[in-house]
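These are the structures in question, set out in turn.
The two complexes that follow have chain A in common; it is paired with chain B in the first and with chain C in the second.
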Partner chain A sequence: MAKEVFMPKLSSTMEVGTLLQWFKEEGESVEIGEPLFEIMTDKINIEVESYEEGTLLKKYYQLDDEIPVNTVIAYIGEESEAVPKDPPVGNDQEGSMEERESSSTTEATETESNVKESQSNKVRATPSARRVARENEISLHSIQGSGPKGRIQEQDVAEMVSQTETKLSTPLAEKIAKDKGINLHNVQGTGSRNKITKADVIGHDTASSDEPERIQLKGLRKAVAAKMLESARSIPHVTLTTDVDMTKAMEMRQALLPIIEEQTGYRLSYTEIIMKTTAHVLGSHPYVNASLIENEIILNKSVHLGLAVAVENGLIVPSIQHAEAKGLAELTVMSKTLGKKARNNQLTPEEMSGSTFTISNLGMYAIDGFTPIINPPETAILGVGRIVRKPVAIDNAMEIRPMMVLSLSFDHRAIDGAPAAAFLTELKECLESPYGLLV
Partner chain B sequence: MRELTYLEAVREAMSQEMRENDDVFILGEDIGVYGGAFGVTRGMIEEFGPERVRNTPISESGIAGAAVGSALTGMRPILELQFSDFITIALDQIVNQAAKLRYMYGGKGKVPMVLRTPSGSGTGAAAQHSQSLEAWVAHIPGLKVVQPSTAYDVKGLLKAAIDDDNPVIFYEHKLLYKTKSEVPVESYSIPLGQADIKREGTDVTIVATAIMVHRALEAAEELEKDGISAEVIDPRTLVPLDEETIVKSVSKTGRAVVVHEAVKRGGYGGEIASMIAESEAFDYMDAPIRRLGGVAAPIPYNPELEKSAVPQVPDIIQAVKDTLNRA
Partner chain C sequence: MKSFDLVVIGGGPGGYAAAIRAAKLGLSVALVEGRELGGTCLNRGCIPSKTLLKHAEVIEQIKESKTYGITVNDFSFSIDAMVNRKNKVVNQLRNGIKGLLRQNKITLFNGYGTVADDKTVTISSVNETQKIQAKNVLLANGSTPFVPELPGLDTISYHTSDTIFDLKEVPSHMVIVGGGAIGLEIACIFNSLDTTVEIVEMADRILPNEDADASDYLASQLEKNGVVIHTNTKITGFRNSDGHIIVDMDKQGKQQTIETDSVLVSVGRTPNLTGIEKLSVQFDGKFVKVDKNMGTSAPGIYAVGDLIGGYQLAHAASDEGIRAINHIVGIATNKEAIIPRCVYTFPEIASVGLSESDAKEAGYAVKVKKVDIAANGKAIASGENRGFMKIIAEEKYGEILGVVMVGSHVTEMISQGTSFMHLEGTVEELENMVFPHPTISESLFETAGAWLGKGIHYS
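Here is the complex of A and B:
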């Protein structure tokens, strides 16, 4: 009996997954644990491994299809086993089995609605378009037809073929194109066999410099866009800022830096000191470490710290579980490795979900304060600015001190100004006398 | 080279054959002194005499029966029906006798006859004298069916038809009788079953028969102004049909428009379109095959209505543009 392969539900908020690639073709054999396909959820790309072994009998979806979770997307079983022509609809496994029975044994007497459904899934393409697609191993699903009723004509496929054809180019041309963000497919090559040379890329760059570049909102960018919009629209944000004297925190970092580096091989940064302090202070301010889900404020017992990481094309927030129970060495290792994984797109769903409070650090730039946007269902986010030496009044005297601005955005539905201010004040005090963390 | 009209070319083909071969003779209504309904045989009785240019009573059944009988005895008769509509009267002889005998006698007898007859509309001859019924005879195994479109073709094809040992239905289009083209003086033969590419093109194949060949060529010229390159193929014989030439052309262009004057419903264009769809050209098709044919109504007497009952040049242009999504 063929086994269904489902679109996995990888997080509580995941509703659809976008198919990025298949690692197996129909008819290929699959082992348990072998990567079968890659999907993108609202914030992650992940390879999904097979739970079954056998032959991949049928793939129902194409690249870039958005597929609801728990939908049957493929079948694995014995070679030559019969599977339905169309993907079973609905998430109910029992139901999908019945559907399979009926569609494989009573094809001739398919009900009218079934017929309609299967027709609407079909691609409208001329025989010639199909032939050219077949010859070039291109999926017709990825092509926009220009004929009547969206019919795909041979020309449409030919254009797709010429777009996807690999062009010859010199390594230097490739590097320049990459640096300048130029798509080599748009560059005309003048070298032997139309090879694209350095001069072609530079020429293309100046020739097309007036043209604005248009980027389709998709993938991670689209997910970030949707999440930010939802947060900014639905959450009444209030942002508080305060100046923190980082003199003692700097001293502490200087003292701990060689110790932690020797122990872990990683360099302690202010991010970890701020994380440690934040986790500590959140312990006594549970209403700031809260999640607002529907009409419930959930006061989280543990602090799972989200750390905003800028990646190519977007923003990812890996989370460090139970940050309050971790020492600076462990936090350093975790934040460095998670940051690297995020940039390499290797985070697991567990590493990306469940954060209760997020820290967004722009301290590496010439930024003081800003208004961070909350990462729902969290109710607050801390924005960290740069450390800059400034004159401050200490006991009626002017002194130059390393100062840093902290910006706390909170969800005014869940938190009021006073408790948020109390939290930020305690955080400031704690950073100004960090040895309190040892107590 | 000298030019001849289509009508003169038919006459020349018959006369040259009759001078060469004593077995060839012609029969039909008023083909003698009167010269036939359209004047095709004018002057022939003077050259060949009433024994070989035989006037018959007004009985298509009788003419056809006499032709079948004489062909079985070894003669090679050419019979003329004044209007192809009247083939209805002769069909029993044609379908049940002429088409069958060579098969039923295991090849021991044969029926080498040619039935010449003018078809088509455009002369104001109304519903009973304007039909194009070639699909009927094309359906019958044992008959060959020829539809020449030019003076050059008609001479060579008629020679081939006379030389053929099977009954051949030879359709001459009334409107084509006065058209001219260069025709060699000497006798020549165009093999039955060989289509002619009347115009080469790359974007669409127009398969047209008889008068429609000329309308297709005119349409192709108009289309060229819009940058559309149409290939025009004249099958010349419906049976046997030169499938290879058509398939090759459609494989090249990816689009086909089939056009004939006969009523579209049940017309031979359906056969050609199906043949294309079944062939290896299918994988090269980039648009549905279009058929153009007459409307399913008797040909009207009113000249304007008569024109609108069959495909005209603008109809062909439109159909071509449709297949190219350029409408």
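Here is the complex of A and C:
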């Protein structure tokens, strides 16, 4: 009996996964634990390993398809075992089923009242129909579906493609277009019967080089975009800044650097000192270490520190669990390894979820203060600027001190100005006298 | 005053083809020709030389007949009869053009046209002068053989391509000044007529503008047939001596003399400016300057063919003429013409597109493959297995940039290369195409296969 392969639900918030690649072709054998496919969730892209062994019998979805969690996306079984031609609609898809049900009901009524899909933005189409439409740059809105309830099938799109004018092109033009990734449908032909020639493809290429490059919002970028928009739209942000004299913290780092390096092989950086201090101070400011979920402020007992890491094409926030209980050596190891894993796209879902407070460090740039955006459902985020030597008044004299700006954005729904200011003030004081951490 | 949409000056391949196309597109057309229809090509160039070259080929075949097991005990030829046949060929074609002009209702004026800036054309013939008004003028005046100022040339009697095809007697010795296509074709004719031919060329090789391999190959073939080639050689003077002509020359610094009884000057052609002296059009050197639509600096006045330089080939002139007409009637010509080049020597040379060095200079990553015709079945059967084919193509996409062919009948095969270039087929498609067996054209297929590293008989 062939076994279903489901789109996994990797986090409580995950509703759909975008298929990034298949590692196996239909007919290939699969071992347990072998990577089977790669997906992109709202947070991360991840390789999904096979729980079954056998032959990959059927793949129902193509790259870039967005698939609801718990949907059957493939079958693994004995070679030549029969599997359904179309992806089965599973029985354990509670959430997504409801959505489907409701959307098909709306569409049914729409069809009855003869209101076409163009009015609503939802078009019912099979994943492969969507793929063919995308490949040929054809709008699904212009296609009449022949499937159940007007669902657009691949064949419907294929017919539309063949109906749109067939473009003639020379073999050379085709080769160049393929090489340069130019869709010949967009090229105007000037040869006999508008045949597309080399000159047309080159002309199109150079003409479009003047135009801005267009990048589809997808994958991680799309996830980051959605999350940032949600945060900026729904959270009333307030940002407080303060100057921190890092003289003592620098001394401490100098003192601990060789010790930690010898112990762990990693070099202690200010990030870890700030993390350690933040985790310590958060312990006495539970409102700042809170999560706001629906109408509840959840005061978290432990500090799970999120650390914003810039990766190619986006931003990932791995989290360090129970940071308040970890020493600088352990924090150094964890932040370095998690940073590396983030950049190499190897973080596990656990390593990316559950943070209660986030630190975003731009100290490697010429940045002092900024207004970081909160990583929901957290209620605050700390922005770290560079350390720069500045003249400051110490008693009645001017001194040059290494100064750093901390920027704290907080969710004014959960936290008011005074407690936020109190937290930032204590954090500043603690960083200025870091040996207090030992007390 | 009669008025025409288009007045064409010159009835050669540039002029008459344009006139007919214009008439077919609905323009009222007049054609002005001072001499015979067909221009240099038909009357004093391509056609007479091809006719005589065919005669020469027949002679060559008779000479070689023994190798086919055929004995021709005695044969003779008559230069008069040959020239007569040539004239018949020319006449037939001339009448053909006349018929086409009539059929397309083109008004033919016999006389030399003088064009004024207001696009009036004054036509003067022996007994009358008349003036017509043109909306557009196409200058297709053509060219005449260029005769350089060589010391003593004016003291001897010499031939140009204008006179050589009407010889009354076959000379026993001929010096040909200039190793270009015209001189070499004539060399082949007279070599077959048993004239001792010596070619004097200033450049370091004959056909200096063609593929070096092709020119080297042809030189070796000509020399094998007894033609003497002097390269890097400059004529320093001509003298008459005792009923002969003495040619003095400087061959790579050494003074040499040749005694001969005939001299052909074939060092190029110079544009014929008759009738346009007073026209205020801009020039580019000695040629009329035109834009890509063949328009001169004077609005409504176009120029094509030898008058504007370039390849100075009949088919180039015809194409230019048609481009000019397209512009007059508003048809866009987007593509640059790919002009094949043919030399009808023994063996023939045909080429199209860029040479290897030009292609490299143009910035292409060039890969060249040359395949010999020596092992080609049809060529061996015909005793014609001399020559080679060469494909010059861009490495990444296999775009065919140039094709060079040397061998028998290659002038009939070069259009295969031109077709692929024109239709933008690549080496892959060429290799994918089925060629009939046995043909000499299979060598092109072999070359494409070898270029791709998957040739059957060659790699």
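Here is the rule we go by: the second predicted complex is superposed on the first by the 318 of 439 C-alpha atoms of A that agree within 3 Å, B and C clash if a C-alpha of one lies under 4 Å from a C-alpha of the other, contacts with A are read in each partner's own complex, and residues count from 1 in each chain.
Here is the rule we use: a residue touches a chain if its C-beta (ideal position, glycine included) is under 8 Å from a C-beta of that chain, and two chains touch if they have at least 3 such contacts.
The model shown is predicted, which means the values in this text are computed figures rather than measured ones.
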Which superposed partner A:P148 touches (first chain B, second chain C, both, neither): first
Which of chain B and chain C A:T170 touches, first, second, both or neither: second
Touched partner set for A:I415, first chain B, second chain C, both or neither: neither
Chain B versus chain C as contact partner of A:V72, first or second or both or neither: neither
First (chain B), second (chain C), both or neither touched by A:A129: first
Touching partner for A:K198 - first (chain B), second (chain C), both, neither: second
Chain B/chain C common contact set on chain A: none
Residue ranges of chain A in contact with chain C within the complex: 170-173, 175-176, 179, 190-191, 197-199
Residue ranges of chain C touching chain A (in the complex, touch as defined): 332, 334-335, 396-399, 423-426, 428-429
Complex contact set, residues of chain B against chain A: 254, 282-287, 325
In the complex with chain B, residue positions of chain A that touch it: 126-131, 146-148, 153-155
